[in-house]
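Reviewing the structure listed below.
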């Protein structure tokens, strides 16, 4: 699935997506981490610019310091080195719902222009084309974290005009709709894909392409988006992963 | 030895009946696989299966035809992908149709807490703006009588039987688990009957970080069952068998390979 | 040493202001007496004091004139009798009138849980048929949206400052307490600002039965304060000074003996 | 306060009250224990006929096995030897409210004919004659335990026609009123005083004198009761404390 964007570049599209996600975490941030790319990005950040980043896994591990990348959100290595272990009900009530988490990472099977997410079902709910895993922690991560960063691969299949199911609310129908629904966190602040970075417009909250990864042009991103994509006036180019970012990432993944 | 210690076969046959609502809990850690396999061997049918993360354990029970309904919040193979048997049941009704009652983790955790607390419902900030309330009856709006805020209510979980795996029981039948403890305390306390499989019986407990102790008098049966959580794990006893989780994907993808695997590894 | 470690005088002066809602919690065990004495010395006024069991600690603060209101569920001297300074304030407005907001333990515990959970209210089976709802505004009826059952709602507690005493902090400013842990976790998590006094700083925590660990980033100030719970106790560090509890009765019975005791033991 | 009822008897009125309360606990019973007489009675029972009685203290100690009588519900000795320690919110929600406690012991400053209790205030709430400690755990112990046993000293000051404040509901206004209020436990099944034992009438739930302690006659009990006391047709005499009951009790109290 992962690919070289440009044979002259030293990184894959998945690598720049992971590196860019890790850059979104500043030091000291309390971060709710799911398995896969979010966990890789958070652990990368902790080894680079954010050593005091607090990793929280929904299994109840607060301040986890995994020595290797975990295979599940409940691997022993997460419990072993955590500052605090709590039960799952406590995690969702005292920690997530109470608004103690700064940043939540989410992926999705589908996303719409207001960064609402579907991880439940493709097709009709009662007669699905593809039954996906479902909500898990995502709806309340999306609702309660200070902000949400979304990572997923860019394609017309994932970036859709209309979600088959709203599993997690991003900016709802745009504007101040999220706030009117009573959701307390600020919602998605960035969508990081294998092609570039999108951010919600400050007013309309519609996702806007703000940077493309090296070797990607804007039309490529438009073509991979299932709606008429808004593009910023001044689209920048994502900073190329540094040598040390790539080295640490590859060392992490190799274990 | 105390009254509540018995064999797995006895415990399952005494407590799990056709048509029961049954929860086998354990959040990634301490998943009671051995107990699930015994339920499959005893051919229980029409079960309503409750569990936050159905995982391979329910993929096996669903594929074996034990379940008519699933109450859950995340049905995947953690770190690997989909649960193919669950997907086959939902998409193609094989081996039988599977009703879904679908929640979020926060909602399920709240339901467990309410169940353990003897309350008919629990309250959370959740579900607002999502499609879940359109498809799940057990989600309702509730208003704070003091602030007027709109919140969400979910009903208590109180299954007929709750089953968990733990590291240790002592000679009085008290049980201790530690590491990631999930919703296991709530599962035992919310259920009408309960079974705990354990790695071993010890003379006395020693303190562990985040230990949960359940007294003997809230547990109906304790079963000594070393390795009973495999391919999940028991902290300080075993490691998660990540290779098995990966290997399950091709096994479960196909009805025939699933059937022969079950025949060889569970039924015989 | 981490940022959040400071002196008791600094911590109280930084976080506790006149008119604040302040909770000093600790259920019989780990009552933060030293912090209360510092608040008295700093002459804080018009406080709304929150605590399940006011105990001698609030008898002293009330007698010293710090409090305008008390939110509580049981105001006695445990094992001895009444709190005479609290009684004098309620019956005879000395040294000033004291408003009461009165609950049951179950209600207060539910309020703490709601506060820690970021919910505006909590639900319990309680108060029905008692006179408490006639005198306490913060008790309301609520109906289960699924069963129609009538239950009771109480609003969250979210004080301006929560203060507890614990056995240990580590060098990163994380805190551990064990033994009877009461509502201390909830008190810290529900409060806008928090202060923890500890017996000592250690290099690393060792596991204890029922240990509660609070990470440094939910605590505003950690203060090293050995013996800071006396005449209450710190499990594995000291024993409850039952003689002091008994001796307090005659001291507190009379305004003058109270005043001279406070002058001698707290103010100077 | 404690007195010899009859110089020929070998026990005080407080001792027979404690012994009779301890007899109400059968082996294996899960019992919610308050400080003072209830704690003494429960610990006496555990040393005599009910070694497997599970003592629960509201501070969070489940299966406490104190080696000496505690001075408070949170003494270290209760935590030291408990089977399980839980937080106070968990005690009240998962254990008491959930209906896991068989027997609750309560005392009171005032009791009425339906065994409703006042521990809050004597006189007017806003201008009290005597301000008492208040509710503590009592209202929900009274509501949620399988049954409730009440112990208090008998006098016209305590056994009153009308409570100044209902802190804990016994049988409310009698008959099935308790049940109609939705309270789940059976409510008070015995009131054990220094003069005798009263039980609610099976139908009306009005407290009825069923036994007097040795040396006490029925008129004495009537005189100490602030309403026209119902008396059973066949009032028995409470069994005199045995030698071993008294020896163990006195050994407990002497430490």
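Going by the order they are written in, the chains are A, B, C and D; count residues from 1 in each one.
To be clear about the criterion, a residue touches a chain if its C-beta (ideal position, glycine included) is under 8 Å from a C-beta of that chain, and two chains touch if they have at least 3 such contacts.
Every value quoted in this text rests on a predicted model; they were computed, and no experiment measured them.
By number of C-beta pairs in contact, C-D leads when A-C and C-D are compared.
In this assembly, the C-alpha centroid of chain B lies 41 Å from the C-alpha centroid of chain D.
Remark: chain C and chain D have CA centroids separated by 28 Å (rounded to whole angstrom). Within chain C, residues 113, 118-119, 124-125, 149, 185-186, 209 each touch two or more of the remaining chains. For chain D, the set of residues touching two or more other chains reads 93, 97, 144, 184. Touching pairs of chains, sorted by label, consist of A-B, A-C, B-C, B-D, C-D. Interface of chain B with chain D (complex): residues 113, 116-119, 172, 174, 185-186, 189, 213-215, 217-218. Those residues of chain C whose C-beta lies close enough to touch chain D in the complex are 27-29, 52-53, 72-76, 78-79, 82-83, 86-87, 90-91, 102-106, 109-110, 112-113, 124-132, 134-135, 149-150, 179-183, 185-186, 209-210, 212, 233, 235, 239-240, 242, 245.
Remark: chain D residues 28, 30, 54, 62-63, 83-84, 93-94, 97-100, 144, 184 touch chain B in the complex. By the touch criterion stated above, chain A contacts chain B in their complex at residues 35-36, 58-61, 71-76, 78-79, 85-89, 91-93, 96-97, 120, 125, 128-140, 143-144, 165-169, 172, 178, 181-184. Residues 118-125, 138, 140-142, 144-147, 149, 151, 153, 155, 207-209, 211 of chain B are the ones touching chain C in the complex.
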